[in-house]
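Common to both upcoming complexes is subunit A, partnered first by subunit B, then by subunit C.
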Partner chain A sequence: MGESESENEAPKVKLRPIVRLGMFLISHSHLLSVVCCTAGVLTLLLLPLLAKNTYISENALMPGSANPMLSSQEVSEANGLVKDLTSLDLKRMASGIESQRLIAQYMSNLGAEVSFQKFYPQSNQFHPLHFFSSPDSATIRENISCSSYGLNTVGIIRAPRGDGKEAIVLVTPYNSEKIGLGEALSLGIAYSVFSLLTRVTWLAKDIIWVVADSKYGEYAAVDAWLRDYYIPVFSGLGIQNAEMCHGLEENTIRERNMRDGFKRAGTMAAALVIKVADRSEQFEDSLSIYAEASNGQMPNLDLINIVNYLAVHRQGLRIKVEKMWSLLNCKWLKILGEILESLGHLAKNLNPQWKFGIPAADYVEGTATLTSSLYYQALGIPTGPHGAFRDYQVDAVTLEISSRVSSNNKGRQNDFLLRGGRLIEGVIRSVNNLLEKFHQSFFLYLLTSPTSLYAHANNLDPSFEKNESNHPASAADELGITLRSWKWLYAAKKVLVVHLWGAVVLLLPYFICQIPNCTPTTSFVVWVLLSIFSLLILFWILGSPFSYVYASQPQQREWALLKSVTISAAFIGLCLMSVINFATAEIGALLMVPMCLMAHPLKLDVKSRKLRNFSRVACNLALGFIGFPPTAFLVFKGVFEGFDGISVGDFWNWLESIWAWSSATYLYIGMIHLPCWILCIHVILHPC
Partner chain B sequence: MVLHCYSHFLAHSLPKELKGNLIIFCADVASAMFIRATGRNLQIAYGQSLKFLDLVKLSEKSDILPSGDIAALVYLWNPFTIVACVGLSTSPVENLAIILSLYGACRRIAPLAAFGWVMATHLSLYPVILIIPMILLLGYGPDTPPRKLFLQRKYVEVGDTPSNDRCQQGEAVDQPELPYVFSWRPVIHFLFWTSLWLVYVLVLCGVSVKQYGGLWELFKRTYGFMLTVQDLSPNMGVLWYFFAEVFDFFRNFFLIVFHGNILFMILPLAIRLKHRPFFLAFVYIVISSMLKSYPSVGDSALYLGLLGLFVNELADMKFSFFLFCGYIGVSLLSPVMHNLWIWRGTGNANFYFATAMAYACLQIILVVESVSAMLNHDRKLRKLSATKVLDGKT
Partner chain C sequence: MFGSKVTALSFLFLLLLGFSNCESQTETTMHTNNWAVLVCTSRFWFNYRHMANTLSLYRTVKRLGIPDERIILMLADDMACNARNKYPAQVFNNENHKLNLYGDNVEVDYRGYEVTVENFFRVLTGRHENAVPRSKRLLSDEGSHILLYMTGHGGDEFLKFQDSEELQSHDLADAVKQMKEKRRFKELLIMVDTCQAATLFSQLQSPGALAIGSSMKGENSYSHHLDSDVGVSVVDRFTFYTLAFFEKLNMYDNASLTSLFGSYNPSMLMSTAYYRTDLYQRRLEEVPVTNFFGSVMETIHTDSAYRVLSRKESGSVEIKMSTEKSDHDKERLLLNSNDLDQIGELNTEDQRGNIECIWSTFHKELQKVKDVDSFVNYGLVIMLPLLTVSMWLSW
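Entry: the complex of A and B
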């Protein structure tokens, strides 16, 4: 759109070079934006190549510098616990309290302080601005049924050398109603480490072992415990509720004592969630690391690095990071990888210093990991119970260990427990060395493989080229007071109205959820209908009276103004989102930037019958189709998982899950993406 | 049970508090009313000066926008005003005092102007520099094009032979007294009333703080607190970061430099813009809200509202769209950055300070562009009247 604008400026005097450069860029804004967009997409595809190897920045951590002290004695004790737990499960006593009592017994035998924490499952509530609020205990639950509650068991070891101001947390989620072998094993690993730590002399931070009751979900249990830990309730209310439900089961005095006080240690330096996968691996023992917390926040990179270093170099575990599996068999990705590989070879032949080529298989794998990392960060849903810690500024990761064979082979199980225990011990020892908070400077990163990352610091999307419509210089010798330089105001008003509508659309699901017996598909349809209805109402109320104002003005430039205001709105929105959740902004920019930049009225394009214009029409239609959030979701889902069995209800379910976790992505879709899409469609269909 | 009731009471009273204090709400509405009245006044003055310069036809052809209404609406609907009101900040009251003094000066009501100025100075100290535009405003009357133009015009009219344009001259005779003489009477009145109010406020303050250490202690705790930037908790300005970084033995020096910055600009601006005292006041307000030690969104609400008063003159302001987007972007980004730094722990002070710097830059651009747009407007008027004069002579 820039070409026509620079026509009316005939520079007679020789302008300064910077001005000429600016005018040159504006006059070729279309080409420039295409180039920038392509460059952005290419950079994204090149990321696996550009990833750097990680390093541990904090010297005090010293991972693996001490020999592991965990011996077979602790392991055999842990084996006892595992056996007791599984036999309890076999007996089908069904009462969760039995297993908790057993664990508490084991803990207190080690000399740890044991306490129980009771919590009630919370229904999912809508906190649209959860991101801005600190976690609070304000929810006064009114109708709690006494029968359904979870019970966390917490054991604390006081450090002999510490001042009790800091603590390291171990979390083992388990379902008290049905204990699987994996859960029992994870308890066993934690127990072996715990029993070692009661004896060692080097401990400088308290150790808290939380056995989280995952009856109502792992996250809920950990979250409830953290909330009680950090935000004590001083009113008598909590105790009252707790008291009301007592008496259901008989209490020995000792247990009662344990239950009364909620025990605390210092502030948490780090937290490790230990899980053992029930599925078994084919080749070797492996370890999966989950790190994404709510809104794509990652823990400090040093924590992941320690775990990675110890697992690979000390315990010989294979590290796995989540991958987008369907991408592994992708044809074009393989071809691209091969091209890049051969390019790398070529570059190496030219200059041996250039080493950027990686094997095609590595490239494909890196891309799959990157995509998955991007997707899970963009969702904004925590990938495990470690997410709860992030809300309290505690760095936490979930370690899921899976063994090669699931057999009940005794020796094999011992070995597994020993390796897992030594890994945890090493990590705790490193964190124990830490004198202050973690302070590696990477906060925003994507993992392309366990040992490399891509930091975002230098990757702000270059694809934004604002094509501000420069206003034709009007005759200066007339005192016509029409707001010449302010004529974007009407377009700005329109954009504002559409964004308001986006907020309305966001709130609608809250009401639709209240309708009983609704299948996802019908709720989605209701939602769409209500949205369209509200859009019409909003335009009727706000749009029409003012539309006369610019109806009188020359209309040919109106769509250009609208487009530039839309682009700046999208720019602000993406900037904002890139700070909150970079992955969302990245994916959003991929969809939205080309759409916003391409938008051009169909009518003008069809009038001038040229090939270039028709290709633009096709691009516009395709981008407009893919830019609509539901279609984008369904298309991507179809591409990755196959098109059979896809329905619009899936989108509703997906959205509901984001909504329930109060992710900022939900706000992004409603407040930024959807309004910009509507505005682009408006520009495309503009009657000019 | 009592605790239970108390928690319920808290839960109920919270939204009530959020709605804002009634006084603050009233202050905002009153400010808007005064802005509107001032805008009317300025508009009349603008129309008169156009008439005198014989540009009536042009001014009628494209009607003058009701700047007072626009400014009042901008002030009331500005998100910054709403946030300041909801946040129970005291800045609406300070803004009311400033607007009151400007209104009084515009209407040449000396006691009101003096009262507003004394109160505004008492509340936030920085409006003390507004005394210069207020004296100019009282002396010369509201904003006019440069005085040279009027003199030129008059000279042309006197020197002209009657054969020229009769009706034009007839109009000129009907004109009220030309607004380019400096009248001392209202200024003397103003100074008298100022000293009266000053003594009054000081006596009242002295009586009320007698048992806490007297007036000197009051000055030290209020003005001293502002001038020495003791509170370094993050705000929208740039001084907190700077003084958190600076070495202690340079502290006094930089305190003088930063506050001197405001004072340095007073005189040159006053000389250049003396024919537009109200606009001068606006520029002073922007500069002081940019460089003051504890700025808040309430300050920007004030100057953005006042900006609406010059909607006719600033129609050709450059970068208006950029400024608009910048203000929106910064006001959305800075809470997020603050949250990332303070609550999430995933950012650091530099993140938030970056938005504070962007905000300061936006304000600088706003000042520079509005001043240059105003000067361009004056230039345009001169050109037009010169062509008129030439037309008249030929």
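Entry: the complex of A and C
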């Protein structure tokens, strides 16, 4: 807008180059927008090519430089624990408490400090006031009976010569009511490492082993422990309450000692969540790494790199990163990959220095991984219990190890425990070498494969930036002379009203949830109806200024003004969102930017009856269709997973999961995407 | 009467010799003592190898005869008692763990955060606060040979000090120049094991400085091997091969600097060792490594307690080491005629006036006479009649 102002003054004085450049850009804003948009999309497609190989940037980590010390002795001890746990499960004599006591016994036999932590399940109900803060645990506790609590078992090893200021956390979630073999094995792995670490002399950080009771979900258990760790409760009430309804009344004095108080160690340097998948792999032992925390936050890349390096180069595990499997069979992706590959060859022939071609198969795989990475980040839901750590700025990953064959074979199981244990030991030793926090590494990135990434930290994604940069240009163009007459204020008011409506729409699900016995589909329909109703009411209340607008100014300018203000609003919204969750903003921009730029009244297009206008109409309709969040969701779901069995209820479920995790994506959809879509539709259907 | 004559004669003779002795001491500084300044410029656990490098060299120079009070050791010293050290209070430079470098007699002069560029300069230039004890000062003089060893992380014309400061090549050159001005050394060997070490010497100008670095510009210096028990690299390649060279030597060996410099194999080092000799006057083949790494000085053998032979007049001096301990009687030949005299010339021309020039030309003339010993003897024989004539005259 500044540019257009200077344009007005232009004839008087000699133009400065920057102003002339601005004028040039404004006069070609349509071309510029198209070029920038295509460039953005192309860059997104090229990301797998531009991905860099990862490296471990922190010198202090030195993964794999020390020989693993975990031996068959620890493994056989761990086997004992696994056996005891599974036999407990078979007997089913006492639910929960028995297994926790067994684990605590094992821990204290090693000389670790053991404590129990009791927590109550939290309902995942959406509460608008608690969107940004976690609900107060005290208020929830009141109406919960004694029987329904979870019990985390926490063991701490103090570093013999360390200063006790830092700690590394191991987490093994397990369901105390029914222990599967996988969970028992993950406990076994953690135990073998734990027992080794009680003996080693090189610990510089304390080790905390949290056996999280996943009766009410893994995340809830870890989150409850972390909350108690960071937010100490000083009133004795909670403890008393805990004592009152304790299941283990016959406890000895020793166990009482274990339980008194909540034990803490230093600040957490990193956390590892260990899981063993119950399913078995076909070919070889493999390891899946889950890293996405809430709002697409990723742990420090070095942590993933260490795990990756140790797993591949030391323990011979195959690393799996989540992929969009359906993309692997995409024809057009393969063709694109081949084109890029041949382009790469061509470039290499021209200049051997240019090495950007990658094989087509790699490209397709990279794209699949990238899409999945983008999707999970955009969703803003943590992919595992590690997400709870991220809320406290602790780097954490979940390692899910799956073995080749179901581990009935004794030798196989030993080998599996040994490899898993050595992997964990290596990672711990590496993190133990760390002197401060993880630093000088990437934290904003998309993985295209376990060993390469695309970091927008250092490249700040040209596609997105370009998409953004053209908005003010086109906006300024259409504003033109009217800027000075303050007429745009009415359009701005309209946009504001629609955004307000977006906020109302966001709040509706809270009330819909209160309706009992509601299937997702009906809730969704109710939601849509209520939204439309509220929109109408808003227009009825605040709509009077618009009639004034209609009267006072020629109508063909009105839609242009509205469009430019919409674009500005979308620009601001996307910019804000890119700070909070880059992946969401990226996907959102992909849908919204063409829609906003293309929007043009149908009436005008139909009147002029040219091929160009008809194609614009078609584009507008298509974009308007795909831009509506529910349809976009259903179309993408259909494309990736097949169209059978899709219902609108899926969208409701999806949204429910998003707001349950307080994801900013929910806010984005309601406050930015939906209003902009409505405004675009308004422009398209404008009666001019 | 004859007795009195003899006493007078011998008195005169002593006087004469005394004069010549005094002359030689003042005008060319003899190598009289050895100092070593050993600096490890990094800290943190993952830089274990730098401390091991420095301690290994410390051990070597001590073994070769530089006493502890003449070694200034600057270490961050955070390895031995680091919680991450699997072997508490021990530091090794080899994965076989045979040799604990952090034994009983390690005297660290500057420790931890005292290892700064400022303190390093203060040590070199001798500008200390009054309170600094003598043990932390480099009390060298114009007869000192100084070994300056530095290791750490560096780059093009700089060396990092504990990740917080850096020493630049012109700073180093400046310090050396000041040392030269203040006559704090006779010869200085700067040995640096860091990436792009050669660049650190580019600004040096002071005569008498000899520099050797582990790598050329644009090259990295690598660690030698990893101790998978301790979990870190324990020694750097350049230092490792330097130590390997010295392990074969003892105090009495006569290996020259050339043989040391020649022992660096670029393929083993994975970098090219670089040495700068243009400021150094002596020929490297003729300088034993123990001139810097040990405390072996040129000693002058005399037959009797008071008969001192002028160094100027000796073409080649046979030096006998004290051989009570070693069963092999090693005799060492220090060829020092030509080069030493050239230095003498340089020094004299720098410092004194024309008289010394005359002396040196006379000295040059002397040089032409092949058989010096016989010349001296003949000279003495000729002096006898002269003396008798003069005594007879005065009688």
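By our rule, the second predicted complex is superposed on the first by the 605 of 688 C-alpha atoms of A that agree within 3 Å, B and C clash if a C-alpha of one lies under 4 Å from a C-alpha of the other, contacts with A are read in each partner's own complex, and residues count from 1 in each chain.
Everything that follows uses one rule, which is that a contact is a pair of C-beta atoms (placed from the backbone, for glycine too) under 8 Å apart; a residue touches a chain by one contact, two chains touch by 3 or more.
Being a predicted model, the structure only gives us computed values, none of them experimental.
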Contacts of A:488 with subunit B and subunit C, given as first, second, both or neither: first
Which superposed partner A:514 touches (first subunit B, second subunit C, both, neither): neither
Subunit B versus subunit C as contact partner of A:200, first or second or both or neither: second
Which superposed partner A:59 touches (first subunit B, second subunit C, both, neither): second
Partner chain in contact with A:87 - subunit B first, subunit C second, else both or neither: neither
First, second, both or neither for A:353, with subunit B first and subunit C second: neither
Touching partner for A:572 - first (subunit B), second (subunit C), both, neither: first
Residue contacts with subunit A in the superposition, subunit B compared against subunit C: B
Subunit A residues touching subunit B - in the complex, by the definition given at the top: 131-132, 134, 140, 235-237, 297, 390, 393, 443-444, 468, 476-486, 488, 492, 564-565, 568, 571-572, 575-576, 579-580
List of subunit B residues in touch with subunit A within their complex: 3-4, 7, 11, 55, 58-59, 61-65, 311-312, 315-318, 320-322, 324-325, 328-329, 332-333, 335-337, 339-340, 343-347, 351, 380-381, 383-384, 387
Complex contact set, residues of subunit A against subunit C: 59-60, 62, 65-67, 159-163, 200-204, 429, 432-433, 435
Subunit A partner contacts - residues on subunit C that touch it in the complex: 44-46, 81-88, 226, 228-233
